[in-house]
Structure formats: structure tokens, C-alpha cells
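Two complexes follow with subunit A in common, the first pairing it with subunit B and the second with subunit C.
And then the complex of A and B:
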């Protein structure tokens, strides 16, 4: 009998403590992030959408070495076609990345000798068809200022 | 009221027989509308309160502060496909949600929401309320059986076991209320709680003559058992998500599922109203007399209009107390984990039943001494 009464009172105290803890939560601001209106601030090391950097003249940094295509684990995800321009300088005719199949491993950015292909913060890539997820040069290219800023961030954080 | 209604028919030139036919339907329509509004609000409140207690935001997309979320959900449920799998018992499967829902609707009619707003005022109202609320379990067992699904069946069986073990302490604790107020009529039980304990200035407040004070142990037993009665956490074994998918309503979809959902939340509301009616003075204000009498008697001199104000105030007090009780039940839901089946049984038979008998004994002795004038 004495044991039962002790157990009852300790049970009541434990439940009251639990309820008090939960009650305290009511006065805390919600930790919910209301996504489409507010967005999370990411570290610059986030592996988002791939992009091609440009130099100050607005030309691609890519030299067409094909390292990224070789290191890519997804087969023919990156497709590059080059031709020789003046002074044997390579001209990129075609550079497509099928983002729909990309696994965002970041191997291509690590292997690139000229930092021509980098990863951006962009992660909202949903689209209505698979064809529209195959990005070409126009979609992949980012402005010189942005590529500069992005590369500096990468230098600082890595 | 009846004469007024008939006069309306006479003036419009409609035969009086239609008036006679439609007159009994009016309380039903009122009760049905009340039930649906209550449930629509309660579902939103539950989601908001739970979000609030678990540091989230809750629904806030549909309408201002998410007020129309439940309306959107209800419309979604109504236009959904009604799926019935091949091996179900078709008749019982269709009948089960109705059997669950119908008794709860009748109980709504029995409740004294204000002094006049009682659709069915019976001498043995309290008795009928408990008779009907046990009928719900039959529907749940039927749903579990007719679904032809092992999870549903287990949920139904658990519900039956739970109802048998929790209804006994529940009813014994209610018995003490019948002893105190010497009646089974719910309106009379409420009236018996008015008046305070003395004629002194503060002691004549109604709050001191609520049944919760003489039958405090009974109130605690009733509170725990009523949570078990409406199958809520920590006693939600019939629909334990992590063990039984969704228990007895696993196979249900669309309109039939909506009926179960409606029944569940209206049962939560009605059990809280019952708790308030039996233990916390029902529609009576906790003070001495009604506030609107004190506040408006110098402004409004028409007694009829003042009575209307008093009516609304009674409804306000009832709803305020009810939602306070519901808030605590939701708070408990946010705090406690689910009990194991054997813990549930042990708790009921070895703890709550002796406690409710102790309460009945205490109340009976106190009542006897009061009646014989020994105190």
C-alpha cells in the first residue's frame, strides 16, 4: 500500500514535470522556416547546380581538356565538342550537362585545371520535362563578377 | 416558440401540417450544424495547439492563419474515391461508420448547452449519454471485423477491451455525481451546482459549489477515463499508428473515413462538455450570478433582451470551460507517450477502479452526514 502511494505520487510529479517542459515550449518562437518566402542561408561549400565560369572578357574559362567527362560517374552526362580556333586556341562549340541525371558529386569541379566548372548555391531545379533539364552553354554560363565572387568564396572556405 | 413558428406558417399561407412536420426537425438541424462547426474548429485547434507546443507553426497557408485549412480538408475528403476492397463484408463495412457516428449525434442533443438550448431534456439524460457512448465501441469493432484486415481487427478488439475496462471506473465516478445532486437530469445537475457554500460575500460564488470539490478524486478518474473513452493519446491503442497502421479505420477512405474522423472529434468535444457539466458547473458562471446582469442592468432595462444576453453568456461560459478542458487534453497528447496494452489494463483495473470506489464511498458518507445535518 505504501509502495503504491509512493509510486502514485512520484508518477504525478514526473507527469507534471513533463507537462511543464512541454508548456515552456509554447513560449518559444517557432523553428519552422516558411520555405518559399524565407530561404535557408547555406555554406558556400553547398553542392548545387553546376555552372561554367567566365573570365573578364566574358569568355568561358574552359579549355576543352575533357577531364570532367572522364571523371564523371554518370557516363555521358557532360558532353563537350571543341574545335581549333586562331593560335590553336580551343573553341567550345557545345557544352551540355544533363542536370536530371547529375548526382552532384562535385568530381568535375575538383578535376578541372582552370576552375572552369563550379557548383553554385542554386538548388531549385524542378522542371516539367527531362529535355528541359539538359542545360546548354547559355544556361550554364554565369557572369564574370559572379564567377569571381564564387571562386573567392571557394578559396576561403575550402 | 411553437406558437410563433405556427403563426409564421399561417401568415405565409402554407398549410399548418408542414409546420407540424418541420417543427421536430429544427433541433436536429441546429445540433447537426453545431456539431460540424465544432469539429471544423476543433481539428484546426488541435493542429495549431500541437504545433504551438512542439515549436512549429502549424497550418497557415489556406486563408488567414490557416483558418480554412479544415474546410479544404473536408472538401477533399468528400470528393475522394470511396474504396472498398474485394473481401470486405460490404453491408457491415458501410454500416460501421454510421453506428459510430449516430450515437454521438444523439448525445449532442442531450447536452444542456444553455438553460434553454437542450434539444432533448430527459429525466434520465445522464444514463442515456453513457448508454449511447458505449454504442460507439460496437461500431468500431464492426469496422475492424468488416474490413477483413488483421490490423483493423486488432484495433477493433483493442477498442472493445479498452472500453470494457475504462467504462467501469468512468461510470462509478459519475455515480458519485448522481449521489451529490440526487438526479440524473443533466440540467438539474447543473442547477444543483449553483449557489456557493455560504451567503457571505465571496463564498456565494458558484465556483465553490461545483461538484469538482466534493468529488475531486472522481474528477481525476473521470478525466483519465474520458481520454481513454475517446481513444486519444496516451490511450490511443485502437489506432496506434506505429503498431497497427491506423487501427480500425485502415481500410476506410473518402466519406466513410470522414465520418470516423467527425465522430472522433465530436466525441472529444462532447466528453469535455460532459465533464464540464458534471464537475465544473456547466453553463453557470463561476461568479455569483451572471456578468451581463451586473454590467448591463443600468443600460438595458428590457428584461427580455437582458435574458438573451444571459443566454449568450451561459453559452460562453460553457464553451470557455470546455475549451479549457480540451486544451489540457491536447497538452497531455503533446506530452505523454502511448501506454502498452497490459499497462493500460493494469492501470484501469488495479488503480482507477479502487480509486473510483473510494471516491464514491467518500461522497456517499459526506452526503449522508450533510443530509442528516451532522455537519
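And then the complex of A and C:
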């Protein structure tokens, strides 16, 4: 009998202690972020959508060395077709990335010798069809100013 | 009477595969007699992704991001196990600074994994507020990982011979601030949970795992430490630099669900201490200081504290496209939050591994479940299964 009373009392005290801790939270600021209206601020290491950088003349930095296709874990996700132009300079005819299958591991950006392929902050990539998620050069290319700023930011942070 | 017949007869029911408290997709075929569980057969394989087979058609570096998905709650540990195995085949030496970075990130990962376990375990028992508290701290840890690696879950941060990047500026200060804050947060959970009479009634003396049974089934990690078996790979230091850090291994005696909870809470507190200690004695100090000193030093001495081998991020840089370790085989063991993860790699001298085999701790934990819940009430299933800390993708791989 005595044991039961003891148990009941200690139980009531412990539950009251727990409820007090929970009650304290009513007076604390909210910890959540109201997402679509407010967005998180990222640093330059964020691994979002892939993009192709351009030089000052607006041409791709890519030289068609195919290193990114060799380290990509998803097989034929990156597809590049090149041909030789004047002065033996490689010309990129086709550069497509299937963003729907990309796992955003960052291997391709790491292996690239010319910083031609980088990752941007963009992460809202939902779309209505799989075909529209296969990005070609026009969709992947970013402007010279933007790529310059992005590369400088990356250099500063690393 | 029809009703009496149904009560006396044995009944076979399915729990899962899409049961909310099976932590993934586990199917349990149960034979019930009334409310008492007579027999259980776990059926696994619903989350099988063929991680071992995938390795055989990919190069070592192509497989590196996939390793994180073996156990998505403790990605750093899986990556570490794979990296240690390949490093010992290829004979790559890891600099001390890289080992310290690995240690700090791994311990943070252990805390975040245990926090998620606390949240889901209490949710299984019907308590919802610990979920929000646990996720509040987990969010801060995950934010730190995001600043360091660029992603919140699949980090792809370790590489053969070290790590990919140094800490960003101010990261260590943020980490120390979090370490100072965290013990108070653990006190909060304990105020709500540890002495709560409902929690004690549901977990004490429930699902007792005796040391003999645990050893027979190959249970590792916090589950076996709760039964009083001192098995922690960090203490004899079979990997990383744990021998330079003072810490204790926490044990409990009874091996019931309550003890498994206590051991995990104690482990989180210990991890905070390990991180604080490691940040204090990391070779090279903070990244800002290291950058400054490196520019001014230029001594070229191997043992220099700022430009020597030990303050580098990777020892010998491996070419990602043509990385080719010599033929051989190696096994590595890492003390993950759920137990010992071991990775066995066979190389035949080409760019692709001949075989990669994973041994994951949750696989053993699922096997011991039928023994623990035999002749118990159905309501004891969740306190027992939840306390074992099973992550199903890790079971199926």
C-alpha cells in the first residue's frame, strides 16, 4: 500500500516536471521557417542544379574532355557530342543532363579541369514531365557575369 | 460459440510492410493467440537496391556517392568504412587533420542519428513532443553539415586518402557553440522522458536481451552495450584517432528497452565531449589560422605543423578517372550508431572493384526480434522493436 502511494506521488511529480518543461516552450520563439514565403540562405558549397559556365565572349568553358561522364555514378546521365572546329578547337554540339536522374553528388564539378560545370543554388526543380527535365545547353548555360561571380565566391569560401 | 473459437484459435496476421512504426518497410508475419505473440517471422527485402552489385559495374569513385545511401541516417560512417577499406588496399596514408575532420563529422552524425532514434522511438510509444525537440537539435547539426559538405543527407564528403574540403570559415566556432548548448537540450529530453512513469512501465523489463543471446546473434553497438558487454571499437581504437581522445564507454546492466534508451542518451553526451576535445587539438587549428600560416611558412618540412603532411586534407591525391588500386582485399570495421558496419572490398587491379560486401548491424537486430517478443503481448512489440534502432534500408542494402 505504502509503495503504491509512493509510486503515485512520484509519478505525479515527474509528469508535472515534464509538463513544466513543455510549457516553457510556449514562450520561446518559433524554430520553423515558413518555407514558400521565406527561404533559407545558403553558402556557396550548396549542391543544387548543375549549370555550364561561360567565358567573357559568352562561349562555353567546356573543352569536351568527357571526364564528367566518366565519374558520374548514374551512367549515361551526361551526354556530350563534340566535333573539331577551326584551329583544332573542340566545339560542343550537344550537352544534355538528365536532371531527373541526377543525385547531386558533385563528382562532375570536382573532376572538371576548367570549372566548366558547376552547381548552383537552385533546388526547386519539380516539373510535369520527365522529358522537360532533360536540360540542354540553352537551359544549362548561365551568363558570363553570373558564372564569374559564382566561381569567385567558390574560391573565396574554399 | 463462434466467438470463443476465434479467441482460442491461433491467428496469423501481417504487420507491415507499410506499417507506420516499422521504420521503413518491414513485414512481420505473426502468429497470435489472443493478444500474445507466439511466433514471428520477419520478411525483409522490400527496400533492396542492390548496393553490392552496383559496385561491380562502377569505378571506385563512381561508387563513392552511392555508399552514403547504404544507411542514410549515418552516411558518414558508411563512407568511412568504404574509404578505410579502399585505403588499406591502395596503401594511401590519411593525414591527421583529415582524420580529425572525419572524427568530428562522424561524432556529429552519431548524435543526429541517435536524436532521430529518440524521436521515432518515443513516437512509437505515443509521445509526440520529443519528436519536435529532437528535430530542433538535429536541424542545427544538419545545417552545420550543409555548410560543410553542401547537402543535408547524402554528403559525399570523404574521399580516398582524406576529405574533400576543409571547414568553411567560422564553422568550428558554430560547432563549439552547439556543443555548449546541447547538454542542456539533452537535460530537457530527460526531464520529459527518463522518469516518466508511463515510459518506465512500458519499457522497464521489456525485451530483455541477455548477453549470451546478443553475442549469439551478433548484436553490436548500443544494443549489446545495454546488456553489459563492453564492445566498442572506438576504445581499442581500430580506426581513426580515437586513442588521442579521452572518453568513456557507457554500459548498462539489464539489457531491456529502458537500458538501451539510457545508453544512447549517455552516448550522445559523450559524443559532445569527444567533439569538444577533438576541436581543441585538431592539427593546424582553425582553417583561417591555417590559411594564414601556410602562406607565411613555406618551410617545406615534412613535420611542420602548418605545411607538413599532418595538416593536409588528402595525402596523395588520387585521380578520379583512372584510380586503380593494386589487386588485394581488405576489410574495415567502423563503430556506427547502430553497431559495427564492416565493408569488405576485393580488388582485382582494374578500375572497378571485384566485389564489395557490406555487413550491417541492423540485419542482426531484426533477426533477434522474434526471440525478444516471444510470449509477449502485442503492445510490447513497438517498445522492443523501436528500441533496437533498426533502419530498414541498411538491412536490405
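General remarks:
By definition in this document, the second predicted complex is superposed on the first by the 145 of 158 C-alpha atoms of A that agree within 3 Å, B and C clash if a C-alpha of one lies under 4 Å from a C-alpha of the other, contacts with A are read in each partner's own complex, and residues count from 1 in each chain.
In the analysis below, a residue touches a chain if its C-beta (ideal position, glycine included) is under 8 Å from a C-beta of that chain, and two chains touch if they have at least 3 such contacts.
The shown structure was predicted, so the numbers you read here are calculated from the model rather than taken from an experiment.
In the superposition on chain A, contact of A:105 is made with subunit C only, not with subunit B. Using the contact criterion defined above for the overlaid structures, shared-chain residue A:22 touches subunit B and also reaches subunit C. In the superposition on chain A, A:41 makes contact with neither subunit B nor subunit C. Considering which of subunit B and subunit C touches more of subunit A, the answer is C.
In the superposition on chain A, contact of A:30 is made with subunit B only, not with subunit C. Shared interface residues of subunit A, touching subunit B in one complex and subunit C in the other, are 15, 18, 21-22, 31. Contact residues of subunit B toward subunit A in the complex are 51-57, 60, 331-332, 334-336, 351. Subunit A contributes residues 8, 15, 18-19, 21-23, 25-26, 28-32, 34 to its touches with subunit B in the complex. The part of subunit C that touches subunit A in the complex is made up of residues 58-59, 61-66, 129, 136, 139, 146-151, 154, 156, 164-166, 168-169, 188, 191-193, 195-198, 320-321. In the complex of the two chains, the subunit A residues touching subunit C come out as 7, 10-11, 14-15, 17-18, 21-22, 31, 42-43, 45-47, 67, 70-73, 103-107, 110-111, 119, 157-158.
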